[in-house]
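Several structures are given next for inspection.
Shared between the two complexes below is chain A, which has chain B as its partner in the first and chain C in the second.
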Partner chain A sequence: MAEADSMNAAAPAALSDAQAGQTVLRLNDIELGFGGVKAINKVSFEVRKGEILAIIGPNGAGKSSMLNVINGFYKPQKGSIEFRGETRRAMDPNHAAKHGIARTFQNIALFKGMSTLDNLMTGRLLKMKRNIFWQALYWGPAQKEELEHREAVEKIIDFLEIQAIRRTPVGKLPYGLQKRVELGRALAMEPDILLLDEPMAGMNVEEKEDMCRFVLEVNQEFGTTIVLIEHDMGVVMDISDRVVVLDYGVKIADGTPDQVRANQRVIDAYLGVSH
Partner chain B sequence: MIYREAGQFKTSYAADQAIFPIRLDRIGIAVCLAIAYLAVPAVANDYWLLSILVPFLVFSLAAIGLNILTGYAGQLSLGTGGFMACGAFAAYKLATSFPDLHIIIVFLLSGGVAAAVGVLFGLPSLRIKGFYLAVATLAAQFFLIWMFNKFGWFNNYSPSGVISAPPMHLYGDVYLTGPQSAPVNKYLFLLTFVALMALLAKNLTRCKIGRSWMAIRDMDIAAEIIGIKPLVAKLSAFAVSSFFIGVAGAMWAFVYTGSVEALAFDINRSFQVLFMIIIGGLGSILGSFLGAGFIVLLPIFLNNVPGLIGWHIPVDMIAHLEFMIFGALIIFFLIVEPHGLARLWTLAKEKLRLWPFPY
Partner chain C sequence: MFFSWPFFFEVLIGGLLAGVMYSLVALGFVLIFKASGVFNFAQGGMVLFAALTLVGLIELGVPAALAILLAMAAMVVLAYVVEKAVLRPLVNQPPIILFMATIGITFFIDGFGQTLWGSDVHTLDLGIPNTPLFFGDILVNSFDLVAAAVAGILVTVLAIFFQKTRIGRALRAVADDHQAAMSVGIPLRVIWVIVWSVAGLVALVAGIMWGSKLGVQFSLALIALKALPVLILGGFTSIPGAIIGGLMIGAGEKLAEVFIGPFLAGAIEDWFAYMLAMVVLLFRPQGLFGEKIIERV
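Then we have the complex of A and B:
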């Protein structure tokens, strides 16, 4: 675990047991509609510090919309969001990024013309402070800052085992690696809460196992809270601490994987009911 | 195996982040600079200096400016000519109102004026993208040229609308404008100035701000999620780009032609610079130089080569041929290699790494 040890310097230290379990983010009665369509209807749930929370549900259940509400991409019409002790009507993407919420997208949203290294470096933008004149000179403090962040990014590259594609433009990478680079960019932000939108979609078993390993390691080594959407039930039941189930924009279950597995409404939503 | 990077180990990130991490590239650029500083002034005659090298350097600077905006930040602009005119007229007003200002200060200040105008006309980019933005910058182009023609204040009420650079010196009796200026001084001054500006541009593009430009270009939604403010990224691209273009415009009016009218910066100038970055390579500082060199040299090549090999093509035919070849080349590059000559150069280097083995 030498690589994990070396990363501790760049990331928050693993949580003590006392800290774990506190609520870091609470969504209260969120309602979001697009025209006549209610994407999310009065959904409330909480995210606890240091856990892996999975949001599942059939297609169109409002899972991705939920993540978009959490990082401020959608503004809900009703409801409130409690984050770090502050209650707000809606989040703002910039505010969310500044306060440690990072995310990946269902359809990869990398910067395709840039190399893997540069993509990861963009994750550090908010942490870079030197102004444009220092940057133009690329000398002294500006160079030092650049190199410090390069070092932090190299640790993430080691962690995700993507050393070989450091200089490759991400547009040329295969799908599975792009997903991994996108996770890397989110990790470069050193987030407290990491939102993963279908991190394993379209991957083969081996790639899924790798991705699960990374997600678990991020959670355990750095104490990062993870909220993930995933369709692979095997993965969800294996790695998550709690599961929230949405169906047609309504929350139908919330609990440990075992509780959710036994819930009749969840079974009905997935398998259908005979009327 | 001529061009090797094997065996060149980096022991620090500083060495790895260098502009030219490969030894052969460093030697190459040193040789280029040595030729430009030592050999060219010794060999080239006034025609070469004034009609080829000086415009090449000025165009290179303008192309770097447009490349920052269009190639790096992805904001298509057809207003290059207008921003060059801003720089030229600002330099003229500054130089005539404050005759004691040093020429370098005048150039930098006129770049600043162009940057401010660029930010103003960059505001629509916050709302519109792509072709629609191009049309908005086209409005800037036509408005600025109209303004400089319409109001006599800009050309100090000269009846012809032409502005002429007052004699200005770098130091002592080394004049850069006016009748006492020597072509070789103009060339060396521009070479130094443009090389330094190119270095600054390269630094910007490989730093935080350059990455935020490219992030906005490649995926603006994701850029916002990681905390880039589109407002800051886009407007800073407009500001920096217009600064470079404005300085290039001031150099065009003062050092290259010496006297100029607003129409010299019409829409054709905008297209010319746009073609340079398309042919040279979008999103590449080297490409800006290659594209400028290509477009400046091609007409000269077309004028001289047929004569040398015994063809006698009428002059009007050559002018038409020039248009046809430009058009064909632009279509060729857009289809075959949208990243231009700079990309071809990179590919050639990748091949050379393995040569003579196929893989």
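Then we have the complex of A and C:
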């Protein structure tokens, strides 16, 4: 197994003004098609350090495809991605994970047979450094390391208020809690950029409020950059710093929530327009 | 048929030790199933291929120890090739597709092994003692004791590897969800090569033990069929389950043959294991030790 790269162990607590607003990820003229269908058509936008960026748009606008391009599940046919000073044609999921991009999925993708704790521990895999032989023996340094990571995971469990379900196989948990565990697994990676695909879909008001609170706290306390897809416009306008609007795979707006709200093309896309 | 306790124990112990041999084959299945959710139909073929390679090398005059190392290397290469040629193009496909692919792999390595090394029956003699030992009144074969010891060591190592290490956790994660595993940075390809290699090494061990007993020949590929009831009994996802399942099948079929057989006109050893498996399927489809099947609707 490949050795994990050394990564900044502690997330930066607060960003200096100089750092905030720097571009950390830039997508240039991304084009992605499946057979004859163009899912994404020449979309460019940037993600700035420490912000909460929302990607919105009607169903089928290419939002999830965009996230899949960012973390490397999809390889765009055209365009390039600038990340950490490197310009690439496409990302690779492993490279993305190693360099601090974590994500959740629209349809929860957890390790169903494993406990909450084990699910979160998988998020630490890349941070564990002892090699395969120590791991196979599981004593000495490897065991100590396991305990250190366990501690980090326990902090996340406290943060997300899921202490009670620590040992429960996640397949048994209700939907809202599964979403929370999935967020926990992404947080366990101590990401610089967190991609959330509809983190509040299918939740009741109370669960949504909790999830909003977690997202905001992660962003403020750890300085984590967040890119999220969400359909609840109230939530999007409340918590995001910037909004990118996609429609039929094309970017139709990009700006602050207020700018986007006032944009005629966005209103047309959402409410329909008579031609 | 009269009943006496020493005789009962002799049959029981003989059965348990024969069961260990089944467990050795079942283990390879469990490994790959745990790590990729795929039932690897090719496991029997891998046993044959490993044993053929070993015996072929020994017949070429390679010293036994070196031949074992080379056979191990061959199994790792096979794992790498399988990953590259078969599994990689099929990432994220449903398990049934991967299962079908393993059937293809079976035909390939059955044929390839025999093309390379011939289809004659070879004898494999690594000097494992095969003498009857007496413990009181009970007769035990020393070969079976060696097999049991080998299986015991193998299982202990594998169980610790899977339950306690980060690689074990990564393997289980890959088994549950490919995409999620990739998103936390688990290198799917490396994991698959590791797990097929380990399954290949287990196949080599099984091939050595079975090959020493029966001779190395095509029928080794068919002992996989005997591993099926073991898996159903023990659960596809449990390493200890594979062992206990093997012991139960081994002991069960020998005891049934000796003590129930006469009432049913004999020869029940051949089908007893399958019937036992069917009963287990009715009441506990995940096997006695398998991970519970969780389904939320």
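As a convention for this text, the second predicted complex is superposed on the first by the 265 of 275 C-alpha atoms of A that agree within 3 Å, B and C clash if a C-alpha of one lies under 4 Å from a C-alpha of the other, contacts with A are read in each partner's own complex, and residues count from 1 in each chain.
Basically, a contact is a pair of C-beta atoms (placed from the backbone, for glycine too) under 8 Å apart; a residue touches a chain by one contact, two chains touch by 3 or more.
Every value quoted in this text rests on a predicted model; they were computed, and no experiment measured them.
**Q** Since both structures carry chain A, what do chain B and chain C do when superposed there: clash or fit?
**A** clash
**Q** Touching A:R150 in the superposition: chain B (first), chain C (second), both, neither?
**A** So A:R150 only meets chain B here.
**Q** One more residue to check, A:M121. First (chain B), second (chain C), both or neither?
**A** In the superposed model, A:M121 contacts both chain B and chain C.
**Q** Quick check for you: in the superposed arrangement, does A:P169 touch first (chain B), second (chain C), both or neither?
**A** It touches chain C, and chain B stays clear.
**Q** Touching A:F214, do we find chain B (first), chain C (second), both, or neither?
**A** In the superposition, A:F214 touches no partner, neither chain B nor chain C.
**Q** Now for A:F83: first (chain B), second (chain C), both, or neither, which partner does it touch?
**A** So A:F83 meets neither chain B nor chain C here.
**Q** When the two structures are overlaid on chain A, which partner does A:F222 contact: first (chain B), second (chain C), both, or neither?
**A** It touches nothing on chain B or chain C.
**Q** Considering only touches as defined above, state whether A:F45 meets chain B (first), chain C (second), both or neither.
**A** It touches nothing on chain B or chain C.
**Q** State the stretch of chain B that overlaps chain C in the combined model; pick it from 24-32, 150-158 or 168-176.
**A** Clashing stretch: 150-158.
**Q** For chain A, which residues belong to both interfaces, chain B and chain C?
**A** 71, 73, 93-94, 96-98, 102-103, 105, 109-114, 118, 121-123, 125-126, 128, 132, 135-136, 138, 142, 146, 185, 189
**Q** For a test of understanding, state which residues of chain C touch chain A in their complex under the given definition.
**A** Spelled out, the residues of chain C in touch with chain A are 157, 160-161, 164-167, 169-170, 172-173, 175-177, 179-187, 190-191, 194, 237, 291-292, 294-296.
**Q** In the complex of these two chains, what residues of chain A are touching chain B?
**A** 71, 73, 93-94, 96-98, 102-103, 105, 109-114, 118, 121-123, 125-126, 128, 130, 132, 135-138, 142-143, 146-147, 150-151, 154, 185, 189
**Q** Going by the contact rule at the top, pick out the chain B residues touching chain A in the complex.
**A** Residue list for chain B touching chain A: 13-14, 17, 200, 203-204, 206-212, 214-215, 217-219, 221-229, 236, 240, 283.
**Q** Quick check: in the complex, which residue numbers of chain A touch chain C?
**A** 1-2, 71, 73, 93-94, 96-98, 102-103, 105, 109-114, 118, 121-123, 125-126, 128, 132, 135-136, 138, 142, 146, 169, 171-172, 185-186, 189
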